[in-house]
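Letters are used for the chains, namely A, B, C, D, E, F, G and H, taken in the order the chains are written, and counting of residues starts over at 1 for each.
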Amino acid sequence: KTSMVNVDVNSAVIEAFQGFQVELDTRNDTYERIVKLSRDITIESKRLIFLLHRVTGSDDRDSILTDAAARMLELRTSKFLPLAKELKGQDPYQFLRAFSPGLQEYIESVTFYHYLADNQLASLDSIQTGLTFTLQDSNGNQNDLPKNLQVKNSAPRKLPDECIGNSDVPPSLKTLSDENKQDIQNRDVASEECLQGQNCTTDKAVAAETFDCESLQTVSVPVPPTEYMLGVADFTGELMKMAINSVGSGDLRTPRIVAEMMRTIHDAFASIGNIPRELRHKLRVLRQSLQKVETACYTMKVRGSEIPSHMLADVFSTAGTG
Amino acid sequence: KTSMVNVDVNSAVIEAFQGFQVELDTRNDTYERIVKLSRDITIESKRLIFLLHRVTGSDDRDSILTDAAARMLELRTSKFLPLAKELKGQDPYQFLRAFSPGLQEYIESVTFYHYLADNQLASLDSIQTGLTFTLQDSNGNQNDLPKNLQVKNSAPRKLPDECIGNSDVPPSLKTLSDENKQDIQNRDVASEECLQGQNCTTDKAVAAETFDCESLQTVSVPVPPTEYMLGVADFTGELMKMAINSVGSGDLRTPRIVAEMMRTIHDAFASIGNIPRELRHKLRVLRQSLQKVETACYTMKVRGSEIPSHMLADVFSTAGTG
Amino acid sequence: MSSTAEIFNNFQDYLNADYDLREEIRAVVRDLEQSAREIQTTLQAIHQPSKSTGYEEICQSALSMFSKVKENYAVLATKIPSNQYYRYNDHWKFVTQRLIYLCALIVYLRDESLVSRETVASMLGVKTNREDGFHIDLDDYLMGVLNLTSELSRLAMNAVTAGDYSRPLRISHFIGELDAGFRLLNLKNDALRKRFDGLKYDVKRCEEVVYDLTIRGLVGREEKAE
Amino acid sequence: MSSTAEIFNNFQDYLNADYDLREEIRAVVRDLEQSAREIQTTLQAIHQPSKSTGYEEICQSALSMFSKVKENYAVLATKIPSNQYYRYNDHWKFVTQRLIYLCALIVYLRDESLVSRETVASMLGVKTNREDGFHIDLDDYLMGVLNLTSELSRLAMNAVTAGDYSRPLRISHFIGELDAGFRLLNLKNDALRKRFDGLKYDVKRCEEVVYDLTIRGLVGREEKAE
Amino acid sequence: MSSTAEIFNNFQDYLNADYDLREEIRAVVRDLEQSAREIQTTLQAIHQPSKSTGYEEICQSALSMFSKVKENYAVLATKIPSNQYYRYNDHWKFVTQRLIYLCALIVYLRDESLVSRETVASMLGVKTNREDGFHIDLDDYLMGVLNLTSELSRLAMNAVTAGDYSRPLRISHFIGELDAGFRLLNLKNDALRKRFDGLKYDVKRCEEVVYDLTIRGLVGREEKAE
Amino acid sequence: MSSTAEIFNNFQDYLNADYDLREEIRAVVRDLEQSAREIQTTLQAIHQPSKSTGYEEICQSALSMFSKVKENYAVLATKIPSNQYYRYNDHWKFVTQRLIYLCALIVYLRDESLVSRETVASMLGVKTNREDGFHIDLDDYLMGVLNLTSELSRLAMNAVTAGDYSRPLRISHFIGELDAGFRLLNLKNDALRKRFDGLKYDVKRCEEVVYDLTIRGLVGREEKAE
Amino acid sequence: MSSTAEIFNNFQDYLNADYDLREEIRAVVRDLEQSAREIQTTLQAIHQPSKSTGYEEICQSALSMFSKVKENYAVLATKIPSNQYYRYNDHWKFVTQRLIYLCALIVYLRDESLVSRETVASMLGVKTNREDGFHIDLDDYLMGVLNLTSELSRLAMNAVTAGDYSRPLRISHFIGELDAGFRLLNLKNDALRKRFDGLKYDVKRCEEVVYDLTIRGLVGREEKAE
Amino acid sequence: MSSTAEIFNNFQDYLNADYDLREEIRAVVRDLEQSAREIQTTLQAIHQPSKSTGYEEICQSALSMFSKVKENYAVLATKIPSNQYYRYNDHWKFVTQRLIYLCALIVYLRDESLVSRETVASMLGVKTNREDGFHIDLDDYLMGVLNLTSELSRLAMNAVTAGDYSRPLRISHFIGELDAGFRLLNLKNDALRKRFDGLKYDVKRCEEVVYDLTIRGLVGREEKAE
């Protein structure tokens, strides 16, 4: 060799880079674990959506919804809780691309579930509440090693189930009082966690009593509003499928109701400015979906016009029970 | 409802589809597990390649290679063995897309390692041997449930380490006798497993004695030749980087040797017909890499031409030690 | 011969063998496509209500063309190594889906029931399960069944045109059952999912025909209750 | 107000706030870019061997421009909520890398050593660690350092033109150390990796300059051993 | 100062002026877009068959929003020198097409006739002809009209759903006239031509609605003859 | 002059000739497109049931425009050397397909039969066979015929709107025949095949119209048996 | 005539006029491109060191070809209304940049100075300022100048090949000045900015040539100090 | 038989003939590609500086492989009717360009001159002119020549590595001549033009090699003057 630079492995430069190596590897490992959780969430959320579509034309609507709620709870406990722990103390936006696909699909499924249950949009708050978890340190100490944290979901009655995913309880329980509402743009994750923690304990005073609030820690998977809206936009695609499926099941009422809902969402999206690019594409799809449902409504109207007068009462009475 | 079809949940159709559901879910779950293993393999293989590049300009070449070999063995045991178990009894081509990225990156790293160790291409056979695993059923029975299978790697001396990934032992041990060579296109996984099993036991007769061959099972991750070649093509990119790095370290010999190797591979690829499309793109990259190395050789030649005659001996003597 | 040269020579042999095999597969697939086209053309007669030939006759005629199909699948089966079905799969995927659909159509026209995978396999002369050799892929079977539904929804309408008012009801019931079956499945975002998304329109179309008949009193309530 | 309307109204507020914030960020970033351009132009003088001003003077002049940079980062820091650094990151990523490179260049010119993250942070008036607030991203720091190497390899050549034969050796040694450092890292296939792939050419170029000097006897062997 | 430096010296002013002007244009365009969105949202009510508000009311409400639009165009007009309209054209092209479409929709809803360029110009507060200053480009006018047709074909269906059986006939007639009008034009292979190619789907959709109504006797022959 | 320069010397003439010829072809093709547009516009009248003019009149008027088309093809024929037809083919391929479709439409409207290649050739003033000179390519003929089917399926619907209930049945029968004809052909995976895949939608649409008429008793059984 | 038809009636004239004008522009631009190619070919001789012709002669010969260029710009100027310069701008933008580069090259070869916009304008026979009519856009001028730098960096090398060791130093100095000039400008993220990013490679290449000459003692220190 | 069926009846023969012919062409083209690959591999040896075989030997060996190429072109020529050359052109266009490039490379290596179209034609066993039958298209010839330049610029470098310092000068001169030749041509905006735009990089690369050699005194002035 003519002039090989003999690098001193103990030099300050090398020492610094050894630190960088650890930092980069740690971050990449975290990223990879989050990607895997996100993939699992995507798969289960898709399956949930399939399950929810079985409601159309089924006699067993309630048991399907109950089943779905149980699986959502399980999904939150088994996948979102580990995800929340990964994100604890991190800037969630640093890993957003890693969990965004799963989160959006989950929002889509939750929104669909809530529409079936309540006939309305699940709010961002309620979804965020479902993804906020209260943990108890087994020693009552602050200790952020995940293995020492225990989900108190398994302890019956001590911590109400709603603390781990309380978005599936009837809507009345979820309504936030006005003073708790915060401007979406101003909230940050910290205050959000706090808010949810309070909700948990104030909504069910009994549960709060048995608890030392100091030993409670909350972790959460934050739901950025844009992710929420992307999930909502996808949800309208499921609405469309449901509407057409309804016609196939002889249910002539659902398409009109769904059209109304979709039109509301469509017009709301159309009136929004500064809209992010990813959302803009989905709105084109939404517009197409809406027209499919409108066409179905049109067809039903036109066909319905031919009902001979002597059959009218008969048809309507059966349609009413659908 | 006017005419809702009341589907009989016990109908033959529904019954059949319940079976399909299980079949599809099982397959998709397998696919997903394989994808995750592949991602892990990709990451570790990339890190191995980074590690191997540290050989350039290092005094510590041997310990780096030893380190790399150990990590490759660990990678095979911890990721490829589970992958092989997943693929057991399956048509591997059904899941090829799921593990192809990881496999190719692994081939790239192994090929790079072998080039550094032996100055030649690792053969497909040797790579395949490394991905063929001998398992012992703990009860001595045929039992294909993965949980009952034990890797005998941990049992010292009983089964030589080479059985699990013997591609890193010195080349002399790996040379297959001529009668064992099979036409690449004719081999199938079954005969491959058998062949490897024999190799394992015949190469080290001592090990074979302590063993009941009947209770041995081999599983493997098959390496389709095209995947192998895709890995080899990527490997040439690493060769290029190494050649340029060498110049930076004052090593004037390596670029010429590397150029020779790359030209051989380049010309060999160029002479091949019926080439798969994925490979064709990589050959354009290979051509560019080759030209970069050729340019480096050219520059060294041109600059070398200026050496004053009184310095010639001096320069060459130092260059020789590089 | 240097080892690099050896490696590449082996690879060339591999690629050539692969190329030749694919050419052979393509030739067989071309024959299968020709058969499928002919069977399809024969079965199209079911939509032509003015033709005097009945379904039974049409099916008979279509079935007689399957012997050539079987021969071709037999040839294909000998060409494909047991663990490489999915390596070459793409070549015959499409025509197999089409032939499955044609089997399903014939079986429906005769028995008004869903053809099983076993029956399809025996009609095409292949295995039902992967383990046993050249087989029918589940996805292809499902795709074939989905193609059946759109043909049947078309038939429901043309049956009315031909004056047959009870068939649409039976078709509607059958497609409804299929729809319920498919809704049990968790499909990935692939071709199958996309095709399944279209199924709801077939269901809807049948429902509309039944509706048209019902409001005109062309079917009795008892028939629907069946 | 219906709840859907409420939901969308909130979302509009959110988007508007986001838009306004991004506009403000863009304005600050524009100022930072202007500063970076001016500092860069000042530092370009190191390549002009005919200019009589020394490195020290050039660095001094460049450093004086950093007070405005600090002010701008201070403004930026107040605008970005603590856990949303990576949400808006893209806006200042590029200019920050450039400013880090300029810090690194100044520090090298003065001390011939690698600027630490802490020093960069204090030169820009930001935090070193994420936990403490608006900070320097590791990737951006590394990118800035990589940009330094190409500038230094250019400087090695221009130093020779200006008759300074010892500097290239020191630069070559320094870049060699950086190269060894970077090779410790496991980079993903991203912008950093791509830029790192170019580092080897900088190393090579310096080596060539040293070679040119060596064969002409323009540097003593002892200097290299240093 | 070298002559090169001299030449460059006043370029920056020019570039800054251009940059600033574009920023100002963007701000106005953003306001126009906001207005367009509000008008559009208001007009969407025509598709809500359940809403009790009539077209007249809806149009009235939409029209009241145009005063702000006019103001913005007035601002824009003062900013753009007459010989640079086409230099900055791209900024407002899209929103102008959208506003033209909204004008056309309102005029159609009120008079069931095609809005003229003059009317559009007066609704937006700009000139009709290029010579007179800030104007509406013919291409933009035609694009706006083409956007009208798809909205009307949607309205035709939703009107039926709402029980209005005569409107679709009038819409179909109107779109047919537009189609004939556009056919006369020899459009280049540009955005306009591409959009025109989509018009035939609107024509067809309306024809289908008319067909559906006719075959069910929901419209009389005399209505169609009108 | 070097031999290289010599070799290049007369290439420019060749390239210029090619360029000029293409310009001339483009000019003729532009005229053909204009004619096609006019003929198409004229024929659109068949869908407007309120117009008093009958098909015969419309066809007559369309036919009179073919003399200009013939002239243009004659010009084209003189420009294209027989062995370079396929070299420049792409320029007129599209407009020729469109004109063939227009010929096919006129012939159908008059005779309710499929136009033959010979008739098309004589209408356009070109040869039927390649050997005889400037001719109609079979692919273009088939493509033109396929374009006819979608126009006819639209006509079937509009005929009902105009109160003509028997025409849809005849159209449905005709399109069924075309479908059977195309099914016989083993098309490659090209534009033609893709377009043929669209034919089934036209068949279905016609069947739907016939269904609509039948279920409402608007056509007698005897008509369908025809 | 319906009011719709009325509205459409005179649009065609407008569209045709636009189409014709574009065709005419294209024809002139084609001539300009031909001239640019010829001038460029003539100037290529500066890189061929064996040719006996000097720069002066080459420039003279190139300059003589500008009369045709001027004529073409004169024609263009008469065709373009002053308020539509930017409407048709895209047609001649590219060739104008190329001609500006050729002007700049000639002026540099003669005077070793940067051509001014005024000089370019007078060489091309157009106006300097927008207000005065058909003019040179500043962007195009800057782009032309940027194209000059890569040609000069090539010339620096070829000059060495031809044994001229002092020219590269002067070129390096000149390009350095241009680099400093462009650095002053705050360019938007457009084509100009992108092209400017390429300038640093030209700077570097010249520096390398100077380095090569210096290390071999082929230029004296005094020359560089100049 | 209906007239429609009649019309369709003999189309299949036509389509089959076309399909079969294309298959046959593809088979011949595959053989040509195989030959081209072998010749190319043989010629690659010129870049191996360590190999002892001279150019003459390499060329001889490559030339011997052309007899098979000629045979294949002879087969092709018999298959393609003279008026359909351009119909099937796309099949062999690419391999022909490659073989022309190989001819050009061999001729250059032997004579250091540009192969003429006549020579290429005779090496491939085809006609030079279109009129005489199966020929070489000018475009393909020019493309082949352009491919030669990048191979030669690579050779220029590798020759230096192998210690041959005079060849690069001759190559640079030759490529310069080709560049001048192509500059004369007014190429359309097609593949040829795009490829020609790449030629300037080859020119520059060769100039750089000559520069490197010159500045180190590795070539004498007299050699360059040659």
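Note that in this section a contact is a pair of C-beta atoms (placed from the backbone, for glycine too) under 8 Å apart; a residue touches a chain by one contact, two chains touch by 3 or more.
Which chain is which protein? Per UniProt: C, D, E, F, G, H = Translin.
Keep in mind the model is a prediction, meaning the values are calculated, not measured.
Engineer: On the document's contact criterion, could you list the chains that touch chain C and likewise touch chain G?
Structural biologist: Common contact partners of chain C and chain G, which must touch each of the two, are absent.
Engineer: Of the other chains, whose C-alpha centre is the longest way from the centre of chain H?
Structural biologist: Following the centroid criterion, the farthest chain would be A.
Engineer: Count the residue numbers both chain G and chain H use at their shared interface, divide by all numbers used there, and answer same if that is over half, different if under half.
Structural biologist: different
Engineer: If I superpose chain C onto chain D using their CA atoms, what angle of rotation comes out, to the nearest 5 degrees?
Structural biologist: The C-alpha superposition of chain C onto chain D needs 180 degrees.
Engineer: Can you tell me which chain lies farthest from chain F, using the average of the Cα atoms as each chain's centre?
Structural biologist: D
Engineer: Between B-C and B-D, flag the pair that has more C-beta pairs in contact.
Structural biologist: Between the two chain pairs, B-C has more contacting C-beta pairs.
Engineer: Averaged over CA atoms, how far is the centre of chain E from the centre of chain F? Could you give it in whole Å?
Structural biologist: Whole-Å distance between the two chain centres: 34.
Engineer: Taking each chain's centre as its mean C-alpha position, how far apart are chain C and chain E in Å?
Structural biologist: 48
Engineer: Using mean C-alpha positions as chain centres, tell me how far chain E is from chain G in Å, no decimals.
Structural biologist: Using C-alpha averages as centres, the distance is 41 Å.
Engineer: Could you list which residues of chain G touch at least two other chains?
Structural biologist: If we look for residues of chain G contacting two or more partner chains, we find 180, 184, 186.
Engineer: So which stretches of chain B touch two or more other chains?
Structural biologist: If we look for residues of chain B contacting two or more partner chains, we find 2-3, 5, 7, 28, 57, 249-250, 271-273, 306, 315.
Engineer: Among the chains present, which pairs are found to touch?
Structural biologist: Result for touching pairs of chains: A-B, A-C, A-D, A-E, B-C, B-D, B-H, C-F, D-G, E-F, E-G, F-H, G-H.
Engineer: For the complex, which residues does chain G have touching chain D?
Structural biologist: Those residues of chain G that touch chain D are 176, 179-180, 183-184, 186, 204, 207-208, 210-211, 214-215, 221, 224-225.
Engineer: Report the residues of chain F in contact with chain E in the complex, numbered from low to high.
Structural biologist: Those residues of chain F that touch chain E are 34, 37, 40-41, 44, 47-50, 154, 157-158, 160-161, 163, 209, 212-213, 216, 218.
Engineer: Across the complex, what residues on chain H touch chain F?
Structural biologist: Going through chain H, the ones touching chain F are 2-5, 7-9, 11-12, 14-16, 19, 82-87, 89, 113-114, 116-117, 130, 138, 142, 174, 177-178, 180-182, 184-188.
Engineer: Which positions of chain B touch chain A when the two form their complex?
Structural biologist: 1-5, 7, 28, 32, 35-36, 39-40, 43, 57, 249-252, 315, 318-319, 321-322
Engineer: With touch defined as at the start, can you tell me which chain B residues reach chain H in the complex?
Structural biologist: Contact set of chain B toward chain H: 260, 263, 266-267, 270-273, 291, 294-295, 297-298, 301-302, 305-306.
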